[in-house]
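Chain IDs A, B, C, D, E and F follow the sequence of writing; residue 1 opens each chain.
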Amino acid sequence: MSLTPAVQTLIDEALAEDQVFNDPTTRALIPHDQEATAVLRAKAPGVLAGVGVALAVFRRMDATVQAEALMADGLPLKPGDAMATARGRAVSLLAAERTALNFLQRLSGIATETAKYVEAVKGHKAAIVDTRKTMPGWRELDKYAVRMGGGRNHRMNLADGILVKDNHITALRARGLSLKQIVAMALKNAPHTLKVEVEVATPGEAVEAVEGGAHIVMLDNMPPAEMRRAVALVAGKALVEASGGVTLTNVREVAATGVDLISIGALTHSPRALDISMDLEF
Amino acid sequence: MSLTPAVQTLIDEALAEDQVFNDPTTRALIPHDQEATAVLRAKAPGVLAGVGVALAVFRRMDATVQAEALMADGLPLKPGDAMATARGRAVSLLAAERTALNFLQRLSGIATETAKYVEAVKGHKAAIVDTRKTMPGWRELDKYAVRMGGGRNHRMNLADGILVKDNHITALRARGLSLKQIVAMALKNAPHTLKVEVEVATPGEAVEAVEGGAHIVMLDNMPPAEMRRAVALVAGKALVEASGGVTLTNVREVAATGVDLISIGALTHSPRALDISMDLEF
Amino acid sequence: MSLTPAVQTLIDEALAEDQVFNDPTTRALIPHDQEATAVLRAKAPGVLAGVGVALAVFRRMDATVQAEALMADGLPLKPGDAMATARGRAVSLLAAERTALNFLQRLSGIATETAKYVEAVKGHKAAIVDTRKTMPGWRELDKYAVRMGGGRNHRMNLADGILVKDNHITALRARGLSLKQIVAMALKNAPHTLKVEVEVATPGEAVEAVEGGAHIVMLDNMPPAEMRRAVALVAGKALVEASGGVTLTNVREVAATGVDLISIGALTHSPRALDISMDLEF
Amino acid sequence: MSLTPAVQTLIDEALAEDQVFNDPTTRALIPHDQEATAVLRAKAPGVLAGVGVALAVFRRMDATVQAEALMADGLPLKPGDAMATARGRAVSLLAAERTALNFLQRLSGIATETAKYVEAVKGHKAAIVDTRKTMPGWRELDKYAVRMGGGRNHRMNLADGILVKDNHITALRARGLSLKQIVAMALKNAPHTLKVEVEVATPGEAVEAVEGGAHIVMLDNMPPAEMRRAVALVAGKALVEASGGVTLTNVREVAATGVDLISIGALTHSPRALDISMDLEF
Amino acid sequence: MSLTPAVQTLIDEALAEDQVFNDPTTRALIPHDQEATAVLRAKAPGVLAGVGVALAVFRRMDATVQAEALMADGLPLKPGDAMATARGRAVSLLAAERTALNFLQRLSGIATETAKYVEAVKGHKAAIVDTRKTMPGWRELDKYAVRMGGGRNHRMNLADGILVKDNHITALRARGLSLKQIVAMALKNAPHTLKVEVEVATPGEAVEAVEGGAHIVMLDNMPPAEMRRAVALVAGKALVEASGGVTLTNVREVAATGVDLISIGALTHSPRALDISMDLEF
Amino acid sequence: MSLTPAVQTLIDEALAEDQVFNDPTTRALIPHDQEATAVLRAKAPGVLAGVGVALAVFRRMDATVQAEALMADGLPLKPGDAMATARGRAVSLLAAERTALNFLQRLSGIATETAKYVEAVKGHKAAIVDTRKTMPGWRELDKYAVRMGGGRNHRMNLADGILVKDNHITALRARGLSLKQIVAMALKNAPHTLKVEVEVATPGEAVEAVEGGAHIVMLDNMPPAEMRRAVALVAGKALVEASGGVTLTNVREVAATGVDLISIGALTHSPRALDISMDLEF
């Protein structure tokens, strides 16, 4: 991935909060000029994401470190696979180790989890998409990791899509508007470059939204049978997204309903870090 | 918790990355002066953490929002419990909803997970402690959430403790030093205000480290029987920390070995977000 | 408008670059505790935009200044109209005067220019829209001023719409793709929440793009007769935007072709500042 | 020009506000490794300014882009002149295009306008100078562009000159001071390294200010005949600056009065962007 | 003094580098809600400067602290004088104590030292002025403290005065220019609002500079007798500044030579901190 | 030293506050392309510290400057010793001169002062240590300079050691706790990686603190005879630090009491800048 200014800022904040430039352990034990090679290695199977960020951590710690990737993001990992090396002052490698791993383990964890969902729906047309339930500060990285796992991104932020959610609808119904009127209002007032997606609770609402002109309907927490009916009723006139309560156990069943998109918040709000370690060689 | 400048910066970054000041959905649908009350409610049992951060998100979004906590961090949550309310412009509440929840759900997730471990070891002297495996940018918040769950903090960063780890030892053994010599070097060169902790792989090494003067020994991935032996051999001359491979399933067994501290990386590297939602009332 | 963090940052940079906290003229002449009232007044007719930003400048200069708007953004101004007052230490008002006016004059200039175009097309359905030709650092403010003048915003930035422009088409034609294929690729790869707009040079291309599925076609620098033909051929199957070479002289003729949108870069790349002055009263 | 930290910050803000690292159009259409050459070309006659900033935009977007100037700032441009090229990933060139042009078009617009005034007064001693009516965030760049057009800079900010303006005089007259006393106070209290300039409304005031010791008098909105008289009365004992209401139509007449400096706010508050485009070649 | 954004930034950096939001001593010992009153008291005689900054430190640490000045900057201090109080949470007062004192002790130290010089030259016309030998990050504060001690400021930075120093002269003499030519070049090319000061080594050079038009001459490290001669030769046609090697021992002798200004680097490069302490009352 | 991000930020702030990119003197006199070599030279004896920071200043001013150290930090300096050179555009060297020297002179001043204390206690075991009385913004640099002078660092900030000071003790005694109870509370609540240091006023208190488990006792302003008694009573069961009122005159006497550490605030709160100058060669 490109190392954008926002990611560089996050790296700086991470190095600062770990006080990497003030590491008394390393200062007490390791000569300033001792050189070493750090090897980053998977200790569990998964999908790699964030190797460029991890290397950037080492380089930002110490510009003289020679860091290079041995594998590209998006590739599958077996235990023992070496994904990158960094050569330079041992004191720098040791001080930056935890920060580099913290980035790499979360991002690879997200990619790994995403890949499991993508694999589970293979053969169905449904794309696995993420949500805005990302860690504050990590939007760009979390969504990148989803792509590396084979998923697609839903909205990057509030600005790149109209999504009329339950709370919007509640607010407008309180003022006497029907769902159709709400959709019409969204279409009329929205920027002309954005599609309008509407959250619905029943197949009937899905039809109403599509008739009102919605480009996408989001089926919120519907049982698979209802989803199937919604898909049939929408009949291709809009994209259909399944949302809420989807797990690895039921995702294939959801995909089989014919929905176009399945969004899964847990990809980014509750991923398990992938086990990756750094070995130092002298 | 105090809302430190670092946390305020993270809030600003979170609001910026979600483009909350450019929310076309809300702008298209909700009158700028419509008022509402947002209620934040638990949808699953857990422990609350981060309510102050969530409120700060709403206030930073819009200084005219009146946000107040109904419950304090550290308290247990039942499904349906309302933890906070925010009253003000509906457009502001809607735009900030996801960011506020993203903070609150992770932090409460960490507190909830921590509390389970703390509960599991009840009756033993072992404290549950965290690690530096926190999300970059979140060190302060992640460690705060651990405290809210009843855990204690290990090092906040590299600077506030000497911790001689495997990679340090490897580097020094490569130069012919014994563990005892390594510990002696750490004691001699370390800042005089810091204790020296040493990672060991066997009870024998634990003894060697303590004889060298180590204030704390960290038993790395030892089976409970070995831990018990290490505890016996150290005999109170140093603190003993268990580390590696501890889960909710085995933590009580680990505690029963008599260790003083049990550190668990998963508290912060892989917590499950607690399910919390925002309801809007008009 | 809401005073977003980005605008607050720009205000800070503006105050810093003018060294307002180091104003030797005022320090040499005006007693630190002399109070005065500043009145901001139009010296030419126009439309007001940015009064909130100007007031924020005074408040940021000196938190004890009492600043209040007398008129709202979007309202028409006659010469002599007082739009705002600020009361407080004369030294603060004098030091901040130029910065406040620099914001207010540009933004009101943009609103004024926009309003002329909006007025010129009255009775036609065409909306006047802006472009991304805004001053670096001013995207949010410039686009806000266009809205205050009665215009609508095109994309806020690269992320909130797909716009396939001449250079993209050149790049893809170099690889042998037809316009239809290009549009298809955009539809396939674009985020599902975004519409696809395509820049075309002839009515024939407009048809090709719409048949390929484009949601919007941008007619680039077409003569009115061609535009009219393009509108007829597209026949409501997509939005039609006129772009390039539109001036106050010819904008009504362009609107009469039946296009939906007319985009005008000059609104933000070359607006004339509106003449506004600050009078100090004691 | 040197690329100062402040300009680098503005470039970063500009890239961020256009979301250049999140450009779905380019991502959808252009292979990440396709290379191209961008050529920046004038489409109208003018004077070049800002080529270094434009190149810096491309480099900041993507450090692997090879960007080089073909012409130096300050040189005249004919339509079709190529001023710079940038070679690298097409995705980077496309994403940065608008930001680079936004800088270049404004700065060259300012230089072009300035050059017209400088040309208009040729043969007279009067220098064309700018004002502090620059775009917030752009002080350094706007003033640089004036120099590139052959103009000279007036104060960079409040700190590098004493300029006693109408509002200062109003404040002090309200306390019973004469113009001469005001000038004396300025001379006494001003930092010893700064000259004292005084705004005056009549030739008589000009004389009074100079007798009081003013180093420079600014004739505010005086008719040419009055200016001529003021110049004669000041008789070389101070610099004389004409200010207010100067246009390309009357600037030569103003210069002919014998003033030393003619300041023109419109150079920076209302310049027309110069038409410049980017062509992509493969 | 006004608390400018630059000073607020320095306060934030100071609080961050002392990790005030992570103070384990206070957290271990003091209940979070215990209230106390801190009193800041002089332990040595001197002149107060920076009380507003110190109060701002406490408020930034904790917005609920009630901090107020009991004395104004610029006033003389006797041992035991209480200059300010801060009431609020004891944990906040304790954590911020050192940072607040670090600001206050340096600034009062500078004011105290300055006041000694000012006192020493009483009766002579010479003003005591500072230099640009301030601590990086502290320019604004250091110069403010000099004013509080009764001194005047020389240039705030490179931009607000022309000062032709030895290294400039060396560079130009290497190209064959005489001092008079150098002065002429400075006058011709300098911004028209700035005076020209020239560093000279002998009375003869002083004359040459003044004949060339210099507004100020700086006598560099001249013995008093030479200074007296230079003053006589310059004869009021320019300001005369003494610089270099001035101490409290010889400053009166220097002032007696008739110079207008005496600049003293040690005021800001080597001040002794004034002894000030914080007492906590419950 | 490593040039950490915090130091780079301070360098940027220093260059900005001196307006180095807007130096009218140099612009008026020196051709933009004239090259020169700057040599930094000691004018007084001392110990070098900060040469890397000074070089970084020149490089940040102008990336084309070739700057290199001729001597390493920590080495003794004689008058005339050249410690570094910088070759490049004369305008850049001249504009950055003062900022570079301001860093170098303070840091070398601290190292020089520290070295005198270290020399004075030679033969005794006492280490010379600093305090947290550093200049806000300079913590890292000031403490680095102490190390370069042969001193050792006390706490870097509040977080890396427990230090129970007079104000803490006052607060707790007000609630009825004895010193022993206070120490016990600190031991119980402190992070397990930190030692506990306690400030005491008498040998008796020292004993009480050590019996309570304190790892370090700080003897506050005790006369040498009392210190000697305290050392004897503590008898090696804790480290003993002397603090308060130590000068070059009495430091050897203090060291002779047998204390382990002598802390001296003046090293960083009141160092004299070392005299260093920059010569320009063409």
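As a convention for this text, a contact is a pair of C-beta atoms (placed from the backbone, for glycine too) under 8 Å apart; a residue touches a chain by one contact, two chains touch by 3 or more.
Computed from a prediction, not measured in an experiment: that's the story for all the values here.
At the interface between chain B and chain F, over half of the residue numbers appear on both sides, which makes the contact a same-residue one.
Per-chain CA centroids place chain A at a distance of 34 Å from chain C.
A separation of 22 Å divides the Cα centre of chain C from that of chain D. For the pair chain C and chain F, the distance between mean C-alpha positions equals 53 Å. Residue positions 6, 22, 24, 140, 156-157, 159-160, 162-163, 191, 194 of chain B each touch two or more of the other chains. Viewed as a contact network, the protein chains fit none of the simple shapes, being neither a path, a ring, a star nor fully connected.
Taken together, the chains touch in the following pairs: A-B, A-C, A-D, A-F, B-C, B-E, B-F, C-D, C-E, D-E, D-F, E-F.
Only residues 129, 152-157, 159-163, 191-195, 197, 216, 239, 260-261 of chain F touch chain B when the two sit together in their complex. Residue ranges of chain B in contact with chain C, taken from their complex: 12, 15-16, 21-22, 24, 62. Partner chain D is touched in their complex by these residues of chain C: 6, 9-11, 13-14, 17-20, 22-30, 34, 36, 90, 94-95, 97-99, 101-103, 105-106, 109, 132-140, 157-159, 162-165, 167-168, 170-172, 174, 182, 185-186, 188-191, 194, 265-266, 269-273, 278-280, 282. Those residues of chain D whose C-beta lies close enough to touch chain F in the complex are 2, 4-6, 140, 156, 160.
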